[in-house]
Amino acid sequence: MYSVSVRDHFMIAHSFTGEIFGPAQRLHGATFVVDVEFRRADLDRDGIVVDIGRAGEVLRATLADLNFRNLDEAAEFAGRNTTTEFLARVIFDRVVAAIGRGDLGAAARGVTSVRVTLHESHVASASYDGAVS
Amino acid sequence: MYSVSVRDHFMIAHSFTGEIFGPAQRLHGATFVVDVEFRRADLDRDGIVVDIGRAGEVLRATLADLNFRNLDEAAEFAGRNTTTEFLARVIFDRVVAAIGRGDLGAAARGVTSVRVTLHESHVASASYDGAVS
Amino acid sequence: MYSVSVRDHFMIAHSFTGEIFGPAQRLHGATFVVDVEFRRADLDRDGIVVDIGRAGEVLRATLADLNFRNLDEAAEFAGRNTTTEFLARVIFDRVVAAIGRGDLGAAARGVTSVRVTLHESHVASASYDGAVS
Amino acid sequence: MYSVSVRDHFMIAHSFTGEIFGPAQRLHGATFVVDVEFRRADLDRDGIVVDIGRAGEVLRATLADLNFRNLDEAAEFAGRNTTTEFLARVIFDRVVAAIGRGDLGAAARGVTSVRVTLHESHVASASYDGAVS
Amino acid sequence: MYSVSVRDHFMIAHSFTGEIFGPAQRLHGATFVVDVEFRRADLDRDGIVVDIGRAGEVLRATLADLNFRNLDEAAEFAGRNTTTEFLARVIFDRVVAAIGRGDLGAAARGVTSVRVTLHESHVASASYDGAVS
Amino acid sequence: MYSVSVRDHFMIAHSFTGEIFGPAQRLHGATFVVDVEFRRADLDRDGIVVDIGRAGEVLRATLADLNFRNLDEAAEFAGRNTTTEFLARVIFDRVVAAIGRGDLGAAARGVTSVRVTLHESHVASASYDGAVS
């Protein structure tokens, strides 16, 4: 299995609902450093999994939609805790959709699974890893 | 598959038995920077894999039992080489036991697998990755 | 010159005032990974600059006062942009005050300068470096 | 599953063929920081996956054959784009061959899979992960 | 003293002249991960050293001129070894010129010194640190 | 001012004397990841501060003398706490002596200052920074 990973980041405000979150129930924020790994069994004719430059652009565009926002006011997340693991899934879904639309090029449709990891600090991170159907 | 990871460290002395270890047969020591990754197929009702704060506390408590010790004098490791990979398994077993006891909360019993990685330097690490039964 | 550095982090929401900040004028947030470096010309009688454990506790206590907050609502920062470099100075002042109060032990009063660095992402950071008077 | 990882690096020049590569069609170069992870279900009699020291030496020897070269002039890669993912596979094949030759010791023949990751910058990497047959 | 740092990277081919360089006399290459630190005694009216976003753009533009090139064919470096420390100085000079031209904004002319660090691998780096006259 | 830095590591056992050290009074150990930075005002005729390869070899040789040892039994440190900052100075003195002996080449005698940093974990480090007389 081959893979290629690219990294970028975004910065948001949010708060959580539920006693388990303690002081994180207050409005606070986070920088999320995001790694997206694309996987496939074989390389394409150019010898790549996906073009690293293009993957970086797709990641940048995906994060731009979340960057510099208060997620508590985002209609698409109403009633949900925008935890690190939840956001990993959100970004996974959007990256997979971008592959489907051909934003990474036609050959990138050969990607069979994707892993998205969000680092919220030097000591904590969360991921979503799933198949591309 | 969702996952959450937390990081902490511990510092120990030990020596190894066996010619393959060369100078590491002498009493020496190590800082181990430890990552524990918790995995499950779905998020719980709060939208989390496990509470990151609570996971950090469980890891801290687990490592406190090993920290600032000479492992050559630890009765529980008598006759064993406390290699990095061996210690990864020791910490895995203890973290899994903590999940079973409910130390990470009742919802954390939904965790299906755990990976423990010990970084012994900037160029070497070891892991144990297994199912939570 | 000797130095000792410790690291911890905090997570806040804030917004900036001024066209130069572009989209960062909106309410967003950040994780700040903080390094505090303590410096002095000679070691104390125990052979240390400051006790690393105690330095870590002072840093944790200093950041606890900022952690999980919306800095736009913090009275002490009213009318100021809480930029990364501004916050580096805030933490510098508070750490220096902690040294003066003896929170790091009497010997730590030998510290002559301190540097505080805040990493806001994997690609950007800011510092304040000054003498301890 | 147990694993052990070691890290080293090599520095090469190369160029790519294909419009998708844009400016990387020009002769340029890269530092590749390489992680090799060795995996097996059980530890050997010494309590290890492979000897970390010996694994580091095998990696060093493997990379020495590529280091400080212009890969465009390497006969073994003629007609191929030496992309990061392609090189991950090349190193995988050579490390697996080294295991087979016994370069990591007889016990290392218990290794069942290997993952090779090449970091080409602080924001991009590629891997090959496969079984050892 | 306040400072702000931004990071980016570039990838080049080159070779060195002189027996001291051993195998690095052959055509090879490197990824350079570049940190540029801007320093000044006081913050400007917006509470910043320089705008981090704008600093990142200036660094990107500066590196774009070097990226994906064979430096052995660069007329401006003819007869010089483009070592890591030499390139740190080249980038320093170009960033200081950008400040002078106002590319970082008028307020950035308050910057009094700059440090440029090039990381050529996980184990080696070089810097140039100088005053802005 | 130009500088070049190289990194390596060593692993030791030791204990500390003094109540301030708490549990670190027990025999334990550490991995120290060591950065040595060499500085000078101008490059030599080859365009370097010191040869990075040779600097790495000198660092490796310096650390080999400490690696895989119990420092409590080292005659040269009798009656001293081998704290991280103390060891930074020990390595500084030995690297400076190596420069004086010409181990880094005749041109390296142009180095005017050296900084040695020991990282004892992902959250703590210590340094000694001094002139080369």
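Order of writing sets the labels: A, B, C, D, E and F. Residues in every chain begin at 1.
We take it that a contact is a pair of C-beta atoms (placed from the backbone, for glycine too) under 8 Å apart; a residue touches a chain by one contact, two chains touch by 3 or more.
Not measured: the values here are computed from a predicted model.
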Shortest walk length in steps over touching chains, chain A through to chain D: 1
Farthest-lying chain, centroid of Cα atoms versus that of chain C: D
Interface residue overlap between copies chain B and chain F, same or different (over half shared): same
Angle of rotation relating chain A to chain C [CA atoms, steps of 5 degrees]: 180
Counterpart interface for A-D, drawn from B-F, A-C or C-E and sharing over half of its contact pairs: C-E
Chain C and chain F, separation of their C-alpha mean positions in angstrom: 27
Rounded Å distance, chain A centre to chain F centre (Cα mean): 40
Where chain B touches two or more other chains at once, by residue number: 7, 24, 120, 122-123
Residue ranges of chain B touching chain F (in the complex, touch as defined): 7, 9, 11-14, 23-24, 26-33, 67-70, 120-123
Contact set on chain D toward chain A in their complex: 16, 18, 20-22, 24, 80-86, 88-89, 120, 122-130
List of chain F residues in touch with chain E within their complex: 1-8, 37, 43, 46-49, 51-54, 56, 105
